[in-house]
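In the part that follows, the structures are each spelled out as structure tokens.
One chain, chain A, links the two complexes that follow: it is found with chain B in the first and with chain C in the second.
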Partner chain A sequence: MPRYIWWLVGAALIVAPLLSGNRYFLYIATMVTILIPMALSINLTLRLGQLSLAQPAFMGIGAYTSALLVMNLGVPSGFAILAGGLLATLAAVVVGPIFLRVKGVYFVLLTYSFAQIVNLNFQYWTTPFGGNNGLFGIPPISYPGGDLISKNTFYFLLGLILTAISLYIMRRFEKSDSGMICDALNEDEMLCLALGSNALSWRIAAFACSALMAGISGGVYAFFIGFISPDSFGFQLSVDLIVMNVVGGVSSTFGPVLGSVIIVPLLELLRDARQYQLLVYGLCLLFFMLFCRKGLVSLVWRGLRRNSFGNA
Partner chain B sequence: MLRVEGLSRRFGGLIACDEIRFSVMPREVFGIIGPNGAGKTTLFNVISGRFKPSAGRVTFEGRDVTGLSSDKIGRSGIGRTFQGVHMFREATVRENLRNAEVIARRHNPVAYLMRRKTSRNVGYDAICEAVGLTSHLDIVAGNLSYGVQKMLGIAMALVTSPKLLLMDEPVAGLNPSEKKSAGLLIRRLRDEFGITILLVEHDMPLVMSVCDRILVVSQGKPIALGTPAEIRAHPHVIDAYLGEDYEFA
Partner chain C sequence: MISQILVNGVLVSLTYIIMALGFTLIFGIMRIVNFAHGEFYMFGAFALMILFDQVGLPFFAAVLISGVLTAALGMLCERLLFRRLVGEELPGMITALALSIILQSVALLMFGPADQSVARPYVGTWPIFGAVVPWDRTVVAIGAVLILTAFYLFMKFSRLGLAMRAVALDPEVSGLMGVEPGLIYSTAFGLASLLAGLAGALMAPVYTVGPAMGALPMLKAFVVVILGGLGSIPGAVLGGVILGLTDSVLATMLDSTVASIASFVVVLGVIVARPTGLLGRSI
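What follows is the complex of A and B.
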């Protein structure tokens, strides 16, 4: 298939929810745009050769911080979202130096425990976090032109902007020297150290960026849904994000995007069959691990390449 | 230039390096030899910062560098090459060299933001010419022969313009003609680039022909230090390492 078809598909996916006027459709599309930065944030840690299960915790920190700032202190929601992102980044900078010293399974376990600790805190402290009942009545973001653009459209557009920015940053990062340095650290750390590279500081920086993305997407999520509870930022979200990465493909920035576009609506469709969700995940993962390790995005690339060679 | 004093390293009960003491003069090619398991590589790793010493001191140009992490040592002007091949397999030779320079210059994210514009003037051409990579620049590193890959390792270390280069078995695995040119290269690094060299090597003919002075280690202890001629005649060395009728090529 020629390249422009993919652009058309992308454009259609953006325009269709706006034109359909169906609120449920728009809701799902907005969730996709909020979860794409999350999937990208886990993808960023995968690029360091590390699988972080702490991303939902960073998202939770962003969500609770921005919600509480608006509800209790009346901070403008834009600043609150930013503050939530920064607090998540700060958390990553504090725990990063400890976590990033270890590799592989140990890193996964450490980030898992961190996510659990953060989540238990949300559950335990009824003030200010509302405990297991969560926080409700988060005031929606007020925006200019409220009578022209409906609330749902606004959040979808906000999510799109968020997705576009994170996608742009990830692409820039991929092609920049810092992306090269992170890949190099992953490929041959001994060599980088011998060349004088402070490997740990690079890893912390990338980890902090991933936390910033997660924190901001958490803030947007909080205002969009208007209700947050610890449950939304639990281990299940990590699993969802990993599946998005695997299904889409981890080696390209578009992989997690594609993964989110497929998996998030699928989760909604399977909402009634929640008990089968893990089974479906298991089969999906098995299939992709065995037959398509580079994810769906590799099939798209292959299609593009065949086309450009085939027609020549 | 580099001074090592009473350097020891223990692994549990095993003493890998025991009270090693030597100093390398500026613009010297200094060799360390010894039988397998003598503690050469451990000594090397302690100097380059991979292991912390159990006791002793290392100073470089009057600065105490004992127990610094390997990246700090790398930034202080001490480069190193590896026994095996270390490089970025999927990048071309040219990209490898450029990456090495960027990694060294932008050693942490803050340095990345602060010194965006200033690129060090690296004599890529001179380095490639000396190391013999000029004709391989656009080849993907993973497809090069082992010998050329090792040369690429040396070139990447040179890109950071080190004052002292630690070379871990630079000719291990090379064929005779490659060994010969590696020997010439080591001399040129000293003569043309003004780099002081500390090398660990098994290949006697190379060590004897390029080194100004040699330290012999056996069972973690230094047993002799001197010029190649002195080492060749040293009774302890012959006992411990070379054997009665060793041929020096």
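What follows is the complex of A and C.
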């Protein structure tokens, strides 16, 4: 298939929920746009050669911060979302220098423990976090032109902007020195260090970017759903994000996007049949780990390449 | 009060140790973090529920058969899934995660989400130094001590145990000495699943049985193993005792959420300060 068909498919996926007028459809599409930045944020850490299970914690920090700022201090929602993102980034900058010295399995276990600690704190402190019940009645974002654009459409557009910004960050990261240095670090750390690049600070910068994406996505999520609880930011979310990355493919930015577009609606459709949801998840993960390590995106690329050589 | 806390701590730590030993054995030999270890525990518990409650076998026979069935499942998974992932840490971990999800969903499909209770083969309590010990926990403790002794003797004195320790120490050199890796991998995985299955079967009458029951023992095993050093067998024993006692103290004095937070803070500290754990070798 020629390249422009993929652009058309992408455009259709964006326009269809807007035109359909179906609220459920629009809701799922909005969840996709909120979770794409999350999938990308875990992908960014995978580019560092590390699997971070701390991303749900950063999302939770963003969500709780922005919700509490609006509910208790009456801060405008836009600033609250930014503040949530910044606090998540700050958390990453503080723990990053300690965590990123550790590698492989230990990094996974470390970030897992960090996520557990953050989550258990959300559960333990009933003020201000509401404990296990979470926070109810987070006021929706007020925006100009409320009678022209419906609430659902607004959140979908906001999610799209969020996704676009995350994609921009990822592309910039890939093309920039930092991306190249991180790739080089994965290839040959000794050589890179010998050439004078400061491995740790590059990694911290990327880790902070990933936390920023997660934190802002958390803020948007809080206002969109209007209710947050520790449950939403637990280990299950990490599993979801890993599935999106593995199914889509981890080696390119497009992979997690494709993964989210496929997995999020699947998750919503199987919401009431948890046993089947788990089964589909497990089998997908297993299939892609064993037989298609590069994910669906590699199949798409192969299709494109075959076409450009004219032997499709 | 103090003796009750101590007794509770010891009873809890024995189960932690059995779970942690299998987890650490698989990591030491195959470099795979087996996220599905808790699901083998669950499998053992369900097997016991069927064999003891429904088929009506004697309790100890049912425990043994449950363990053996779990070991068989473990060896099958090792041969089909993990053999090709030896040494690949991240893919191995994600595959184990997938296996854990699949086993949970199968349990959900077969038994439903509700927790079920198994008839208690032993009831009542007996006193020791002013502490009250339930008989069913005592049976678990005796079973655990027997299992640990057998495991120790196997690892220390059998040829296969020696070979496994050699592979954990240095896979290449032990390969050169004629140790066949495939045999070692399947023994290690089988043994680890046997331990998890026996633990699950022994604990089934004490707690309830359900598809999500593996999560907590898995979490505890993970904390124990980090504490003692990933891949270290004496470390797993030491870590189990430490976690069992502190859990017992903190859960009595404070709230169980605080106890969990504390154990994760300790894990975090140990990984950062001494990633090899208390008794682990340098990586």
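Heads up, the rule we're going with is that the second predicted complex is superposed on the first by the 310 of 312 C-alpha atoms of A that agree within 3 Å, B and C clash if a C-alpha of one lies under 4 Å from a C-alpha of the other, contacts with A are read in each partner's own complex, and residues count from 1 in each chain.
Heads up, the rule we're going with is that a contact is a pair of C-beta atoms (placed from the backbone, for glycine too) under 8 Å apart; a residue touches a chain by one contact, two chains touch by 3 or more.
Since we're looking at a predicted model, the values are computed, not measured.
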| item | value |
| --- | --- |
| More chain A residues in contact [chain B versus chain C] | C |
| Partner chain(s) touched by A:106 [first = chain B, second = chain C, both, neither] | second |
| Contacts of A:258 with chain B and chain C, given as first, second, both or neither | neither |
| First (chain B), second (chain C), both or neither touched by A:180 | first |
| Contacts of A:160 with chain B and chain C, given as first, second, both or neither | neither |
| First, second, both or neither for A:54, with chain B first and chain C second | neither |
| Which superposed partner A:202 touches (first chain B, second chain C, both, neither) | first |
| First (chain B), second (chain C), both or neither touched by A:191 | first |
| Residue ranges of chain A in contact with chain C within the complex | 51, 98-99, 101-102, 104-106, 108-110, 113-114, 116-117, 120-121, 123-124, 239, 242, 246, 274-279, 281-283, 285-286, 289-290, 293 |
| Chain B residues within the chain A interface of the complex | 48, 69-72, 74-75, 79-80, 82, 86-89, 99-100, 102-104, 106-110, 112, 156-157, 160 |
| Chain B partner contacts - residues on chain A that touch it in the complex | 177-178, 180-181, 184, 187-188, 190-199, 201-202, 205 |
| Residue ranges of chain C in contact with chain A within the complex | 27, 31, 33, 81, 84, 89-91, 93-95, 97-102, 104-106, 108-109, 113, 222, 226, 230, 255, 257-258, 260-261, 264-265, 267-268, 271-272, 275 |
